[in-house]
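Each of the next two complexes has chain A plus one other chain: chain B in the first, chain C in the second.
The block that comes next holds the complex of A and B.
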């Protein structure tokens, strides 16, 4: 179970990452965040953002058009 | 998206094209991922650009403001447009004045077509080049009387139809010089919607699942009552069927065999070693026999430097024999190495695109767009 869940379904770029970043900023290292998104570009962007911000993309899946990202704050 | 933000202005793909054709100054802040920027970006004679992904600018743009010129037009670019508006508004809030975002982002940029007139035909007709500037694809409309022929049409066929309608023209022929691998052809779709005849070289059509008319050397195609003739010349090498067209004894549509700054690559159908000899023979023998005064009009360009006055991409055949690196490789072994071993990456989804152009795959509009992401990369020197 993630420490925080951010639902960005229906929002277009850049909002999924804007909201995810704000939520991630409130977490302690080691805590996790789950982000839900329906934006098609979000897999590409989350992968790049998590890498650049030096956190960890623990997993990602796509179910019925909804991307689910699990990000661990490092 | 909100337009009430008065400080930020949108720039359409059309306006950006005009600006680039006029070789005006522009500074681009590209906020896509680093990988996307390195793969494919907007360039021009007087364009400077930097790349800072939008997710590095969520908490503020201070880090980037210092890198932007205070007295120059700044265009923020992203994939679709949302992130570029987000960043552009912050730049305006930070005090920058001349800030624009690219309407529709790179997605729309990739689909924009700009028609430019190449020249007149002897009997009063005209020839136009349709520059798909974002992707580097060039297609043509040959006009004579009230008739038109479209060569190497891209999938945005409504642009040709609207152009013809405005001028009261009826499109009678759509011709593909070869089976394209970098972009989805609009030739068949345009033919179906206008009642035109669709022409394709037979040797490239072995696996197609639709009817077409064979584009054959020596069998000319007439446009208009004044008989402008399009003369096909078999010129294999990029594909085994590749056929060039001589229009009105003046214009030489070389497809993907000969470009202004490079030559076609023989590997996109997986047969580089087989076709390299054909490519050599076409460029070093068959084309050599033609008039050096022909104006070469290729199906692609690789870089903005090939855009000439008003955006037209063209060159005299004789000049290319002097200046084009691909026509100046004396040794056959060196030629073989250049066109088979030292190639740039292949265009995005090129195998699937070939299947679409054969009629064997039928992706929806969004999937087609996705397949066509990125530059064309049909030339051997596109790095």
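The block that comes next holds the complex of A and C.
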């Protein structure tokens, strides 16, 4: 279970990343966050953003058009 | 610690709605990447940051003419393509709302909230007859050297 869930369903670029960043800033290292998004560009966006911000993308899945990303703050 | 942050700079030269939206989306994305972001407004790009109300300032007649002819703020910008006497912007705003995309004023507000540095070029402000009181609060005022100071340390530098 993630420490925080960020629901960005229905929001367009750049909001998913902006909201995820805000939530990530509140986390301690080792904590996780789950981001939900319906933006079709999310997979590439989140893969790149997590890598660049030096955190860890633990898992991602696509279910009924909703992307679910589990991000761990390092 | 602060110095280790990546930097992104954008020169917004254009006063077109679509280009300004693109610039602010990139700026907000870069801020979410934890970059120090600077947008440098010059020439027509300055109109993006104009207040929408009439601000009483002392001006010569040529500056006054410019002031009347140029769009007063983010809500009034036209499209670079398919402007169709102002119908285009209304259409794009409608479509953006449908897709839940942020409007340009919302993107500007978000950028300010994320600490994006908004810098107005003072030389072109003089040319277009724009004064500080006519631009949104919280802007910085500088010239090319200040922009280059930020840009030389940035890996992402865009001219829009």
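Assume the second predicted complex is superposed on the first by the 74 of 74 C-alpha atoms of A that agree within 3 Å, B and C clash if a C-alpha of one lies under 4 Å from a C-alpha of the other, contacts with A are read in each partner's own complex, and residues count from 1 in each chain.
Just so we're on the same page, a contact is a pair of C-beta atoms (placed from the backbone, for glycine too) under 8 Å apart; a residue touches a chain by one contact, two chains touch by 3 or more.
If you're wondering where the values come from, they're calculated on a predicted model, not measured in any experiment.
Asks: Touching A:17 in the superposition: chain B (first), chain C (second), both, neither?
Replies: Both partners.
Asks: With both complexes superposed on chain A, which partner does A:41 reach: first (chain B), second (chain C), both or neither?
Replies: The first partner, chain B, only.
Asks: With both complexes superposed on chain A, which partner does A:3 reach: first (chain B), second (chain C), both or neither?
Replies: Touch status of A:3: no partner.
Asks: Both chain B and chain C touch chain A; at which residues?
Replies: Residues common to the chain A contacts of chain C and of chain B are 12-15, 17-18, 21, 49, 52-53, listed in rising order.
Asks: Write out the stretch or stretches of chain A touching chain C in their complex.
Replies: 10-15, 17-18, 20-21, 49, 52-53
Asks: Which residues of chain A touch chain B in their complex?
Replies: Its residues touching chain B are 12-15, 17-18, 21-22, 41, 44-45, 48-49, 52-53.
Asks: Per the contact definition, I'd like the list of chain B residues that touch chain A in the complex.
Replies: Within the complex, chain B touches chain A at residues 33-36, 53-56, 58-59, 78-80, 82-83, 86.
Asks: Name, in rising order, each residue of chain C that touches chain A in their complex.
Replies: Listed in rising order, the residues of chain C that touch chain A are 25, 28-29, 31-34, 99-102, 110, 114.
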